[in-house]
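Shared between the two complexes below is chain A, which has chain B as its partner in the first and chain C in the second.
Showing the complex of A and B:
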């Protein structure tokens, strides 16, 4: 029906490069998740605060991150900030863009998680003599992370998939970037992108399985 | 700062881009929802040996970046030798992607109906069809609809990725305008406002439905 020979040799030759690209992809995803988690907790707290400016800022961040495409956010960092005199390379702009996006989605997740922790827990901790920040960090946060662990795993997979957007702003060290570079050199589009798809699939499976293992180790009573 | 070389034509060009984005969203969500409902129904009743492979295939669609799916579909097109326009490819890929998520939403909605409710319906003398239409669907809809709205908005935002296979949608049109006016921040702000206006009201509606229906339970 159609004549096309799938060439395995170029894939095998390119595999070491692509795997090193996969490592960069994982790095960006993990870093963006770390930044996103910290910013997300702060945003969730800021949205509850009675300070109008603080809660307004947090609401603007969350709604902005959730209601515009991730690619737009990366564009905004890469092209938009240039107008303000901030010129970032494609790696940091991708990282900032994804971290911004993660923080917005995670803040919403954390807000639900914080609401699910009974307020009596906080009061009990306070009446035992813990200071408010200490009670929050040692009593409320661990219970919240137990509740939001599964949505966070999903967000982690999302972060990995979002790193593929880097190629649009010219990143050529992550998995998609290296794949695209091999593609424009050889025009073996289908082979290379199929291989990249397999690697992305494996990465997200590994994340899901690792998360299940961690949940089983850490969160059992 | 308030002097700009942006003209009404540029704005009109971007509105046309937004129209393309919405058109792709419409066809993708339409196709994906029909396919998703069919597959979701199948998955909620099928035996495990159909369910497991089907679930695995849909899982692949959810675990591979959309950008890569677009490129793969585009090159597969030339391999197979069909001459679809990039627009059609974009709609087809996004429809499959939507279907992968919609299947789980539909399945989740149907499985959320308690078994006892369905048994009660059957023991009142309702047929299987009546049980599905009169009991299961109304309850499943309440669980599924807010998620479906979220999915639709997600797909709308994901249409920004089709610029990679050469379709001029909202984000790409803004880039073209930027190359002319050299004012990235202003143009991108306008694009952001467009996306926000397309997404935020519907997101609000979804959140409201979810809240109202939960209170009635």
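Showing the complex of A and C:
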């Protein structure tokens, strides 16, 4: 019943292109995490704000990002903003879409992390004459990042996998985009997507292992 | 000089400080004793503005702590405080704990802050522990580190909030020894404590707090040696 002959040659031929696609994938994932982390911290703070507009905005973002498909979020940036007259290319659309999603998830992670830092830490820092923002940045935030480090690693892996959504907004330079182009030219669907899956798997594994290494190196206490 | 005038402090409906007045002169050591919940720790938090007050005022060297427009961050540089739960910054090594405020608040260079931190840590007997993380220290060592951290800002006043209450009994001595040293150097101190013998030994004056008010204040030989108020006598009998 398994009559399919698996062809290795097309994979080997396509490997350089796929690896350059993988590099684009990693770029988008890393950038989306950087933006998502900064936005996530601000959202976590905004949600605690007594300013109703600020906390409402943050809540809407978090709720939207967590409770709608990531695919729709990318669509909304590309087509949704497009119909409002803001036309973005595939790459920035995907990046913004994933960063939006990351920020929403990370904001909730950070909110929990911030609660786990004892309020006495803030008090001790303030008692030394530090302003609230300084105390937050130098005393609270570093402790929070340790607490949320592993959930952040998960989110990073998610970000890599979500980049595959770029194909729906016409991105053809990332791993999925390149794989899809090869597929429509040659119809060796199984070979190409199996190879791409292995590359995604390896990227994810490398992230997890790197994260473990960083944690071991940085969190000495 | 710290001048406390008719201070009232409430948490919601609960009034914990009910009109306290006292003053602490430069170079003086004043101990505050009294039962749990008598408002003595809360009063300390009000002195450097960590807690707002509802009525009265507190002046530190003529600066109204709770007035609008008072730069509390600037004021707090001059008032060190040490907490019951030492509150070490766990992500920083011992020397970094002490360097943080001089660097980020006073804007000192790394080398300058390092020199100050090292000097203060040696002063409290932690010269061998500079690179270690707080989690590797005993409670008494962490508390001495917290004292060094406050001293690194070269404060004019030091507030101690039951700094030995959370320590194992055998570690209390080393922290008291550090405080004794500070008082002998002429540091102005307000010491909230349950260590009556220590209060008697180092204080110029002792204040006995009872349900949010000062019941008795005066030299230790008077307040601890021959207390006049019934509450003071009962309290001292229960702790001595």
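The rule we apply is simple: the second predicted complex is superposed on the first by the 221 of 221 C-alpha atoms of A that agree within 3 Å, B and C clash if a C-alpha of one lies under 4 Å from a C-alpha of the other, contacts with A are read in each partner's own complex, and residues count from 1 in each chain.
What we mean here is this: a contact is a pair of C-beta atoms (placed from the backbone, for glycine too) under 8 Å apart; a residue touches a chain by one contact, two chains touch by 3 or more.
Quantities reported herein were computed from a predicted structural model and do not represent experimental measurements.
Trainee: Looking at the overlay, does A:204 come into contact with chain B only (first), chain C only (second), both, or neither?
Mentor: The first partner, chain B, only.
Trainee: May I ask you to decide whether A:121 touches chain B, chain C, both, or neither, giving the answer as first, second, both or neither?
Mentor: The second partner, chain C, only.
Trainee: Of the two partner chains, chain B (first) and chain C (second), which one does A:130 touch, if any: first, second, both, or neither?
Mentor: The second partner, chain C, only.
Trainee: A:138 contacts which: chain B (first), chain C (second), both, neither?
Mentor: second
Trainee: State whether A:80 touches chain B only (first), chain C only (second), both chains, or neither.
Mentor: first
Trainee: Looking at A:194 after the superposition, I want to know if it touches chain B, chain C, both of them or none. Which is it: first, second, both, neither?
Mentor: first
Trainee: Quick one: is A:220 in contact with chain B, with chain C, with both, or with neither? Answer first, second, both or neither.
Mentor: second
Trainee: Could you tell me if A:146 is touching chain B, chain C, both of them or neither one (first, second, both, neither)?
Mentor: Touch partner of A:146: chain C, not chain B.
Trainee: More residues of chain A in touch with chain C or with chain B?
Mentor: Partner touching more chain A residues in the overlay: B.
Trainee: Going by the contact rule set out above, which residues of chain C touch chain A in the complex?
Mentor: Per the touch definition, chain C meets chain A at residues 48, 50, 73-77, 80-81, 83, 85, 87, 89-91, 100-101, 104-105, 133-135, 146, 149-150, 153.
Trainee: If you look only at chain A, which of its residues touch chain C in the complex?
Mentor: It is residues 118, 120-121, 123-131, 134, 138-139, 142-143, 146, 220-221 of chain A that touch chain C.
Trainee: Considering the complex alone, what residue numbers of chain A touch chain B?
Mentor: These residues of chain A touch chain B: 1-2, 4, 63-64, 66-72, 75-76, 79-84, 157, 161-162, 164-165, 167-168, 176, 179, 189-190, 193-194, 196-197, 200-201, 204-205.
Trainee: Help me check something: in the complex, which residues belonging to chain B touch chain A?
Mentor: Counting only chain B, the residues touching chain A are 60, 63-69, 71-72, 75-76, 79-81, 153, 157-161, 163-164, 171, 175, 178, 183-186, 188-189, 191-192, 195-196, 199-200, 203.
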